[in-house]
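Have a look at these structures, which come just after this line.
There are two complexes below, and they share subunit A, which is joined by subunit B in the first and by subunit C in the second.
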Partner chain A sequence: MRTVSFIWSRMRGNYSALVGSLLLTCVVMAALFSPLLAPHDPRAQFLERRLRPPAFAGGSSENLLGTDQLGRDLLSRIVYGARVSLLVGLAAVMLAGLTGIFLGIMSGMFGGAIDRIVMQLADVQLAMPFILFALAVMAVLGPGLRNVILVLGVTGWVIYGRVVRSETLSLREKEYVEASRALGHGRFKIIRRHILPNIMPTAIVLATLQVANMIIAEASLSFLGLGIEPDIPSWGSMLSDGRGYISTAWWVATFPGIAIMLTVLSINLIGDWLRDSLDPRLKSSI
Partner chain B sequence: MNQALLRVEELKKHYNLAKGRTLQAVDGVSFTVRAGETLGVVGESGCGKTTLGRTVLRLVEATSGRVYYRDRNVYDMSPVELREARREMQIVFQDPYASLNPRMKVSDVIGEALEAKGVPRRMWTQEAEAVLDKVGLSRTAMSRYPHEFSGGQRQRIGIARALAVGPSLLVCDEPVSALDVSVQSHIINLLGELKREMHLTYLFIAHDLAVVRHISDRVAVMYLGQIVEMAPARSLYAAPQHPYTKALLNAVPNPDPAKRGLRQIISGEIPNPECPPPGCRFHERCPVAVARCREDVPALKSVGASHMAACHLLEEVKEID
Partner chain C sequence: MIRRLLSRLVHALVVVIGVSVIVFAVMHLIGDPALLMLPLDTPPEQVAAFRTHMGLDDPLPVQYWRFATSALRGDFGESIRHRQPALMLILERMPATLQLTGMALLITLLLSLPLGVLAAAHRDSACDRLASLLAVLGQSVPVFWLGLMLQITLGAGLGWFPIFGRGTVAHLILPSITLGLYSTAAMMRMLRSKMLEVLGQDYIRTAHSKGLSETAVLLRHALKNALLPVVTVFGLQLGALLGGAVITETIFAWPGVGRLMVQAISNRDLPLVQAGVLVLAMIIVSVNLLTDVVYVYLDPRIHYN
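Then we have the complex of A and B:
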């Protein structure tokens, strides 16, 4: 409870952080309590009620946000879709971030052969188109939620790896790192004390930017049939479903798009606040 | 007083650059520092003073040479032995803004040193307050971050961190050159007091001749990675022997117009250390150079009582022990 009140006291007065956390709380609630919140079964098809417009645009109150091409209730699908999108976005970013930070620090701190191998790996991976790589991996592993997260995590580490490596290279020449060595501290203690804390702000900003990419990337994979099973609602697959109807039934693609946008926005707002509050030099102004 | 705490022999640090070029930052430096003594090292920027300080502590690996601390070669030590030896040899850095991690409170900065020394955690507050008190900072400093302090105060924190492990030798790498002149004297005086109080030995690196004169027992003058003159401070300032030292001292502005006389300023730039001139490294800029200076490398020889200089034009004096 003390942590909560501490975070609360920090957030007060910073409206963007407040708005961000409110939005994200809504999304998390939707994911946690989807069966309670969704008015319909997200998979139930009512072909006679296909492509109904949302309630405020001439539709019925039965389907508040309208229906898709199979007559499924959009609101229910968005509420359930929060589960997959949030899980994929956060888990893949976490996996990519941890891998990238680890390899980047190793590469920057130890140099030599480790550095060459890691950077070559990054180059090879960058040279390969993401879809091609994902295709190959998913073909071997088979579709499914876990494998989507795995693929996105594995392809996403490169950006962290390269940025963290270059930051590490500049940090390890800092005089306070030299002072730490002069005191007799080893490399791992230096990494924990001096390198990691100074890398976190950059990593956090990268991560918040990447969540959006991950949610979209899951959509691309699902669209190609290499993601999760098509009947499990996810914002990405809803977006690509609605693509074909954008001129006749705009709501099918628009609402999942808005859901993605708001989620990404909330994560970015929280990320900015987190980065600033981790910097003691800016603390007084927060 | 006579026991050599630090003995450096033929220390060299050559940096390999691209295309097979090498930069001779430190090239065959030898000296000793007795326990309780302060050896000042002066020279222009780029002469290798800072690299010298780093290689002595093995923060930068030397290319060759030996550094004996209490008669043990630092370059023969295992990582564990080196870690232990480092508690006795500390460094104060030039830039107090770069030498403190902006994300660590002062208590953590000192705590890092106390951890290295092996002080149990429950003693940290007490020990940290004691060492902060020594450098003239109050205990309220403990919970604050480096950016809340001025340059002089930051340097005091840096000194406190070095002293917290209880060293005997302190390498001061231009500890005041980044500070305001008014603050410089405070830090210099503090270092002087600490030396007396804690029986410290200093290797004091600086480019400011006045600062070095004030604090040093002996002074070594460096030029392009080599020591060209080394003597007790008094005799070096009163009777410099090497033309380079003379020129350096000449360049110090004299506030008294009557004593100014003819100032001889050395011409030219410090040569590129990637390809130092043959013979005496100073001959291109030397006002009294002769033909021999272009070919023979002068050795550091005794030219007076405890006074060493590397110049062909000086007579060698045999010291009577």
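Then we have the complex of A and C:
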């Protein structure tokens, strides 16, 4: 409760962060309570109701946002799609974050060959267009929720690795770390006691902003047909379905895109606020 | 200067070799290349014959060495689907991709420079808030959705621009706006932030106290210094644009390398995928190298660091 009131007191004056939090709360609620909120089964097909327009554009109130080419209810699919987006975003960021933090700390603390190899690996990965590399790996592994999380998690570590390395390099020269070393503490104890707690604010800011990027990356992979399994409702694959009907049924591609944009926008607004509050130095680098 | 350049060149070469190792490893270690390239119902004896024909039975280091030495000679093998040299297919489509990314970069510059400077010069004004809002929105809109929305509204709806293919200048408008929006937003935010930093410096106060006009202070003193770090971001944005081109070209049926790559990945055309990723990586590495050189030229202090 005290944490909530502390966050509220810090956020109160920042309208962008408030709007972001409100939007994100709606998305999280949609993901958590999809079966209660969705008016229809997102997989149920009614071919007699195919490509019905939204209620406000002459459609029926039974399908508020209209239906797709198989007669599936768009609103229900969007509500269920929030689950996939948030799950992939959070899981991929966790995987990428843990890998990046580990490699960044090792690189910064041990230096030498480890540092050279890790930084070279980061440069190699940055030289390949992210989405192209992810697509190529997905083509080899095959589509699927687990594979998407794995690919995005493994390819997304670079930003953490680089930022955490530079933080570690600066932290290891601090007097309290010197003092700890003089007391005979080993590297791992110093990492646990001094480095990790000090890099956490930066890591939290990065992770928040990266969730938004991962959601877009998942949607991009699904849009290109190499993301989530086709039977699971996902915003990217819904958009892909809508591509074939842009001149006859605009709503099929429009609403899932709005859902992605609002979710990403909300996370970016919160991420910006967190960055300004926790680590304003990052403003020039991310 | 020469020593630094040489060291950067060696570093770039190591990165390209690293990319080739990773691309090769992904294709050959995670999956079976023969099964990846052949249809699912191919009889085992045909799979075996294909493996022998492609040299896939040899040890991996031998296969990599063959791939790397051939790549050095510009031979990336033959595309399984097109039955033509992979490099030739990529080079044929490269002008279309460069045209699209070039136009997107131009849009990025033309929009982000004035917006970034204006937002910083009028900090916390309505103009600043609007520019910042546009930047956050620009970074939140997925490229593929923006492309579809432009097709629905300005293309299919109003009929102002063609929605597919390449040919006239009109064909270039929607794809380049789609591709350039994210970079515009990123550059604008970066420039605004750097301009605000520079505008707080002593030499800006000195320029004001000398009686220089606001425009002269902004453009001659502030922008010139704020642009330095932006050069690095500009180099990095090219990588993002080439990545974005993969999706943009697919949406607008733009006949470039990005679309070719998506088709190659769908068709499991391994030689073409390997060649495409390597060629794009070489372009990105070369641009980053060039950015480094420009940066040293623009900021002589780097010599001494």
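We adopt the following convention: the second predicted complex is superposed on the first by the 197 of 286 C-alpha atoms of A that agree within 3 Å, B and C clash if a C-alpha of one lies under 4 Å from a C-alpha of the other, contacts with A are read in each partner's own complex, and residues count from 1 in each chain.
To be clear about the criterion, a contact is a pair of C-beta atoms (placed from the backbone, for glycine too) under 8 Å apart; a residue touches a chain by one contact, two chains touch by 3 or more.
Just so it is clear, the structure is predicted and the values come from calculations on it, not from any experiment.
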First (subunit B), second (subunit C), both or neither touched by A:Asn198: first
Partner chain in contact with A:Lys174 - subunit B first, subunit C second, else both or neither: first
Which of subunit B and subunit C A:Val264 touches, first, second, both or neither: second
Which of subunit B and subunit C A:Ser247 touches, first, second, both or neither: second
First, second, both or neither for A:Ser220, with subunit B first and subunit C second: second
Dominant contact partner of subunit A by residue count, subunit C or subunit B: C
Partner chain(s) touched by A:Asp231 [first = subunit B, second = subunit C, both, neither]: neither
Touched partner set for A:Ile131, first subunit B, second subunit C, both or neither: second
Shared subunit A surface residues [contacts with subunit B and with subunit C]: none
Subunit B-facing residues of subunit A, complex: 174-176, 178-186, 193-194, 197-198, 278-281
Sites on subunit B touched by subunit A in the complex: 54, 57, 59, 82-84, 86-87, 89-91, 93-95, 98-105, 112-113, 115-116, 145, 147, 158, 161-162, 165
Contacting residues of subunit C [partner subunit A, same complex]: 11, 14-16, 18-19, 22-23, 26-27, 30-31, 36, 136-137, 139-145, 148-149, 151-152, 156, 163, 190, 193-194, 197, 229, 239, 242-244, 246-247, 250-251, 258, 261-262, 265-266, 268, 273, 276-277, 280-281, 284-285, 288
Touch list for subunit A against partner subunit C, complex: 16, 120-121, 123-133, 135-137, 139-141, 212, 216, 219-220, 223-226, 239, 242-243, 246-247, 250, 253-254, 256-257, 260-261, 264-265, 268-269, 272, 283-284
